[in-house]
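If you scroll down you'll find the structure; I have some questions about it.
Read from first to last, the chains carry the letters A, B, C, D, E and F; within each, the first residue is number 1.
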Amino acid sequence: MTRLVEHADAPPEVRAVFDEIMAARGVADVNNFWKALALHPPTLRRTWDSLREVMAPGALDPLTKEMLYLAASAASGCAYCVASHTAAARAKGMTEAMHGELLAVIAMAAQTNRLAEALRVPVDPGFGE
Amino acid sequence: MTRLVEHADAPPEVRAVFDEIMAARGVADVNNFWKALALHPPTLRRTWDSLREVMAPGALDPLTKEMLYLAASAASGCAYCVASHTAAARAKGMTEAMHGELLAVIAMAAQTNRLAEALRVPVDPGFGE
Amino acid sequence: MTRLVEHADAPPEVRAVFDEIMAARGVADVNNFWKALALHPPTLRRTWDSLREVMAPGALDPLTKEMLYLAASAASGCAYCVASHTAAARAKGMTEAMHGELLAVIAMAAQTNRLAEALRVPVDPGFGE
Amino acid sequence: MTRLVEHADAPPEVRAVFDEIMAARGVADVNNFWKALALHPPTLRRTWDSLREVMAPGALDPLTKEMLYLAASAASGCAYCVASHTAAARAKGMTEAMHGELLAVIAMAAQTNRLAEALRVPVDPGFGE
Amino acid sequence: MTRLVEHADAPPEVRAVFDEIMAARGVADVNNFWKALALHPPTLRRTWDSLREVMAPGALDPLTKEMLYLAASAASGCAYCVASHTAAARAKGMTEAMHGELLAVIAMAAQTNRLAEALRVPVDPGFGE
Amino acid sequence: MTRLVEHADAPPEVRAVFDEIMAARGVADVNNFWKALALHPPTLRRTWDSLREVMAPGALDPLTKEMLYLAASAASGCAYCVASHTAAARAKGMTEAMHGELLAVIAMAAQTNRLAEALRVPVDPGFGE
């Protein structure tokens, strides 16, 4: 098990990131991911800054972004990430029916991804730029 | 290169699936993926039936489903699938700005997926059921 | 493109491995994989020695081993390996029907692999040791 | 941990699938995979129908199919799937010696898959269609 | 093929990043990766800023970082990344012998990674925190 | 859980490998990986012989090799391997700062690997052979 750095024991540059996360999310503590990432303060800082920027509302709404995050995490097989982003997507409004359909799409993609690779299908000219 | 079965040369059970795809999509020919999958007619039939069912409008709209498909395909690194589902998502309304944000989410997920695994972060109790 | 070392230009320790491969397979030249691996003669030697030992007939027959190799390569998405082991499996007797069923199994596994991970299914006690 | 739906608590369309699985396999309960998949009844139904069709005896016998499933699952790194399909393959006759050789083939494939990709080996013309 | 944005056609915020890359590397043009990433200027900016920070000399020297980048890219099977980071590592001093040993380590890791997963080996208590 | 073979219960060919590992590493017992691999003595023997050869000092020093092993294992998402090679790298001199930078490189690679694939970036001619 990796070492988890708690707020009380964190050096100032780590505590500053933790404080920003708690404020942005309105929570009293950060998830284990951040406590583990405190091992390397520059990576903690960069990851949080990137995440906040990427997940902000834009051309895509926050729920859609969160479901895309979950789909990518499930496709790459990260158990922790599946757990955390399933929870986050639910908190942002993903219903059980939406979750079920998301899972169905992931399973469908996994299936056709492998078939396309196992058959070495040439890309259609029509897919364009 | 795998063998691509053209409509004119296809056995009846393959032609039937090709006809359904062309009718459902309003196109004059099917993509290379289906022509390659014709190698095994039962898999062609099952894959098309599943795809049609999974991608039908439901709790999630078709564009969201297509972007989830693209996210999962990109995360698993299937070049053909990325090409075909990028084209499909654009056809369903994905703008360049939406595409850019989708890519940013995928890149972010890849990064935190690997960090969570490399740190073996324990799942938080709060992620619930 | 990586550099491919031809037999005529190979140093003695590479040529020795090439000769063993050609003799074992009854072919007049080795595949590109071996020509590329000649970049590092100790890895070339170790890989060939391991491959010959692993693929020899044993509790599993050579065709089954070759199909398992193809299934693993397809699941990991290696295009070169899919091409070479599809060719090898056909040479050892894999019919088009067998190939089709193998693809169906791979697609099925990809689908349930992702679902099991996305749902974080706990291992059943009954799966035993 | 994902929620597992027990037979007694399942809605009719889930119970119907569970009953088919128990009848087909001659068991008194279904595995956790199916209980978790009950989250989305249409995906549960489609997955079971596909699995039954794909794993039926055909050009390949059931044990070979099960070992291919295990090889693909191991190559994609799904812990639950490795556990369940190792158990299933043993139940269908995979001996310890066959299991050992299967593992050796998977390890060999992993090794050459990565080398072929890291060297970007061009596909040999002779691999044909 | 994705669209590649050339310097002459780039909007100011893209051109600014291109200029920084060319200055930092002492080159007359940027690689295709950056030209493709120009599709989404915020991701282009964030990726370059992160890369510059991560790859700067620190506790690890630039060549070691570049080889770690290559190892990670090879393990995840990204052909473009393997090509670009092999070239970058050579430019930073990776000899052919070092490249060969790096490939041998990657192949070894691939092999034991799969075996550890296929055998579901429990983590040793001694691996500590 | 897979079966772990202890030294006292091991057949002679397994015990011989265990003895070599303990002698080479100056430890009183082997890790779980080897105890699990004892399921198939020829694979145990081949894996140990290969590992000893690959990880020996050469053009790359043992710590660099160990960190490359860790990077490849993290990129392929093997939890056991990440745990064991993190411990091994620390034992060979990887400091917390080096570990942090290694994680940063892995995260960076994951991010650009996915972007390069999702954008299907064509390989630059300048990357050469």
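Methods note: contacts are C-beta pairs under 8 Å (C-beta built on N, C-alpha and C of every residue); 3 or more make two chains touch, one makes a residue touch a chain.
Computed from a predicted structure; not experimentally measured.
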Overlap of the chain B and chain F neighbour lists contains A, C, D, E
Which chain has its C-alpha centre farthest away from the C-alpha centre of chain E?
D
Quick check for you: after a Cα superposition of chain A on chain F, what is the rotation angle, between 0 and 180°, in steps of 5?
120
From chain F, which chain is the farthest off, judged by mean CA positions?
B
Indicate the whole-number Å distance between the mean C-alpha point of chain B and the mean C-alpha point of chain D.
21
Distance in whole angstrom between the CA centres of chain B and chain E is 27
Chain A residues counted as touching two or more neighbouring chains
1-2, 39, 42-43, 46-47, 50, 54, 72, 74-79, 83, 97, 100-101, 103-104, 106-108, 110-115, 117, 119-120
So how do the chains connect up here, line, ring, star, complete, or something else (other)?
complete
For chain F, which residues count as touching chain D in their complex?
39-43, 46-47, 76-78
Would you tell me which residues of chain C are touching chain F in their complex?
1-3, 42, 46, 50, 53-54, 129
Chain C contact footprint on chain A (complex, rising order):
74-75, 77, 79, 82-83, 103, 106-108, 110-115, 117-120
How about chain E: which of its residues touch chain C in the complex?
77, 96-97, 99-101, 103-104, 107
Can you list the residues on chain A that touch chain B in the complex?
1-2, 4, 31-33, 36-37, 39, 43, 47, 50-51, 54-55, 58-60, 64-65, 67-69, 71-76, 78-81, 83-87, 95, 97-98, 100-102, 104-117, 119-124, 126-128
